[in-house]
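For reference, chains read A, B, C and D in written order, and residue numbers begin at 1 within each chain.
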Amino acid sequence: MTKFNIQNARFAQRVKDSFERQGFMLHLGAQIESIEPGLVEIRVPFQRHLSQQHGFFHGGLIGTIADNAGGYAAFTLMAVSDSVLTVEYKLNIMAPAHGEMLIARGRVLRPGRSVTVSQSDIFVLRDGTEKLCATMLGTFMTMVDSPDQPVS
Amino acid sequence: MTKFNIQNARFAQRVKDSFERQGFMLHLGAQIESIEPGLVEIRVPFQRHLSQQHGFFHGGLIGTIADNAGGYAAFTLMAVSDSVLTVEYKLNIMAPAHGEMLIARGRVLRPGRSVTVSQSDIFVLRDGTEKLCATMLGTFMTMVDSPDQPVS
Amino acid sequence: MTKFNIQNARFAQRVKDSFERQGFMLHLGAQIESIEPGLVEIRVPFQRHLSQQHGFFHGGLIGTIADNAGGYAAFTLMAVSDSVLTVEYKLNIMAPAHGEMLIARGRVLRPGRSVTVSQSDIFVLRDGTEKLCATMLGTFMTMVDSPDQPVS
Amino acid sequence: MTKFNIQNARFAQRVKDSFERQGFMLHLGAQIESIEPGLVEIRVPFQRHLSQQHGFFHGGLIGTIADNAGGYAAFTLMAVSDSVLTVEYKLNIMAPAHGEMLIARGRVLRPGRSVTVSQSDIFVLRDGTEKLCATMLGTFMTMVDSPDQPVS
């Protein structure tokens, strides 16, 4: 298991603050449930307007929280003067997301000064059982000396 | 340029019908603007609740319409008894999506009996000028004898 | 941990036979070291002609054995009448592959009738220590009733 | 069409020099055929030891030259003090590579100070006709003040 260096003791608060500035995430009903060094969990309760044509969670929502969980996992390891940017990600959808809650767990595979690689596993919770429905592998850039802050 | 075989003359109507069954796409204000064999364009006007932390279009929205444009481009070439499923996609985000309208243009690179490869380019329209902000390369499966229809 | 269904008791022999028909793998000095249900390990000892411009293992070699380890991991779960085809893969290179031996460990994340998702981790062995240098996430298709056999 | 800024007038020579330091590329018989700003073409004539189990060009070779063509396309736009590093790539294999010559054409989609996105199309030449057999979308990093030079 990799041990991660923490550059900013208030990393959890910074992730929360950044998350809350994202109109889209709030609008979707997404919540950050857990923030550890190199690990972030995001949850979204099902609502009808989050569905695709079969009534399950939409793939776009899966990608959205997969990307966010991986990106914020990377952000937990960054300095207070930095922010995080998604360079790219790849998502494999492995099963229909049929359930009451969508859960993305992002973790850092390899932190780097300029580029961090994260993976997110996405589960759907149905009748108390979690099922893996997708996985994401992504690349996130450190925006040095460009802190994540409110747009004035 | 590849010429595509059309298996279903009413492909445009089928794409529209499927699109309208997606609660998530309607909720985002997404619209299908153009449907040709192997080509689909989706547009989303900016709204505040579609933003990320800097006030631009959210990356999750970019991925969502990129995936949909590529998947529906594949769907235009399928038989009436088939439906389309996203296997995976990769998205490179190349510039901030700062503008009034987000536009995804999906096109089929290579149709196949069971697997179709599509690419989508995503542009942001600002003050009348389009700027490329992302590209997606994805794999879509034909669900044979499993028509896309309303969930009863 | 997922339990996998075995459809072919001689899966290990089939993987070996297929591997040995690949001129390219033999030419690179690649060896299959371990074959379990849903798990395959491939190793390549360093040779000067496998290097990139800095004298480390070439990225092309990393991708080659990552793809093969993931594809053969999928193949272990297929029926005797089927063969395996790489649809696509994504490779993140995370550290220089500087060492005596390159090792790819492929594992099935989610088996499927027509499509299987595998991940491979690639390590470089140097002075007795393994270091993670890349990871691959890929999609592999089952070619039904198309057995993997010598080209006559 | 994007116009690219050239930071180094001798970009073609630099690409050639770097290419020739790669033992693996020479060993495969790969040749650089064309080097323009943001565009690189690599060719490999068929040899039996480059084959997969059906006697076609091996997928590992496809990935290798796809990655190289995309990376060197990025390298043509970099300053003389910089070198190029593959961060990640995704490869979709769309048809068997059955023919006499494998050709990868890499082009820059979006150059950047620290990260460049390139795409490569891979064709197989058979009886005088080119067929698209794969496409690659990749991310390449500029290693600033780290020139590509012989290992002393």
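Operating definition for what follows: a contact is a pair of C-beta atoms (placed from the backbone, for glycine too) under 8 Å apart; a residue touches a chain by one contact, two chains touch by 3 or more.
In this text, all values refer to a predicted model and were calculated from it rather than measured experimentally.
Undergrad: Trace the shortest chain of touching neighbours from subunit B to subunit D and give its length in steps.
TA: 1
Undergrad: Please identify which chain has its centre, taken as the mean of its CA atoms, farthest from the centre of subunit D.
TA: Taking each chain's C-alpha mean as its centre, the farthest from subunit D is A.
Undergrad: Over half of the interface residue numbers used by both subunit B and subunit C, so same, or under half, so different?
TA: Both copies touch with mostly the same residues.
Undergrad: Roughly how far is subunit C from subunit D, centre to centre by C-alpha average, rounded to an integer in Å?
TA: Here the centre of subunit D sits 23 Å away from the centre of subunit C.
Undergrad: If you average the CA atoms of subunit A and of subunit D, how many Å lie between those two points?
TA: Their C-alpha centroids are separated by 32 Å.
Undergrad: In subunit A, what residues contact two or more other chains?
TA: 87-88, 90, 92, 117, 139
Undergrad: Would you tell me which residues of subunit D are touching subunit A in their complex?
TA: It is residues 87-88, 90, 114-115, 117, 139, 141 of subunit D that touch subunit A.
Undergrad: In the complex, go through subunit D and note every residue touching subunit C.
TA: Interface residues on subunit D, with respect to subunit C: 18, 21-27, 48-55, 58-61, 63-65, 67-68, 85-93, 148, 151.
Undergrad: Mind listing the subunit A positions that touch subunit C in their complex?
TA: Result: residues 90, 92, 94-95, 109-110, 112, 117, 119, 132, 135, 137, 139 of subunit A touch subunit C.
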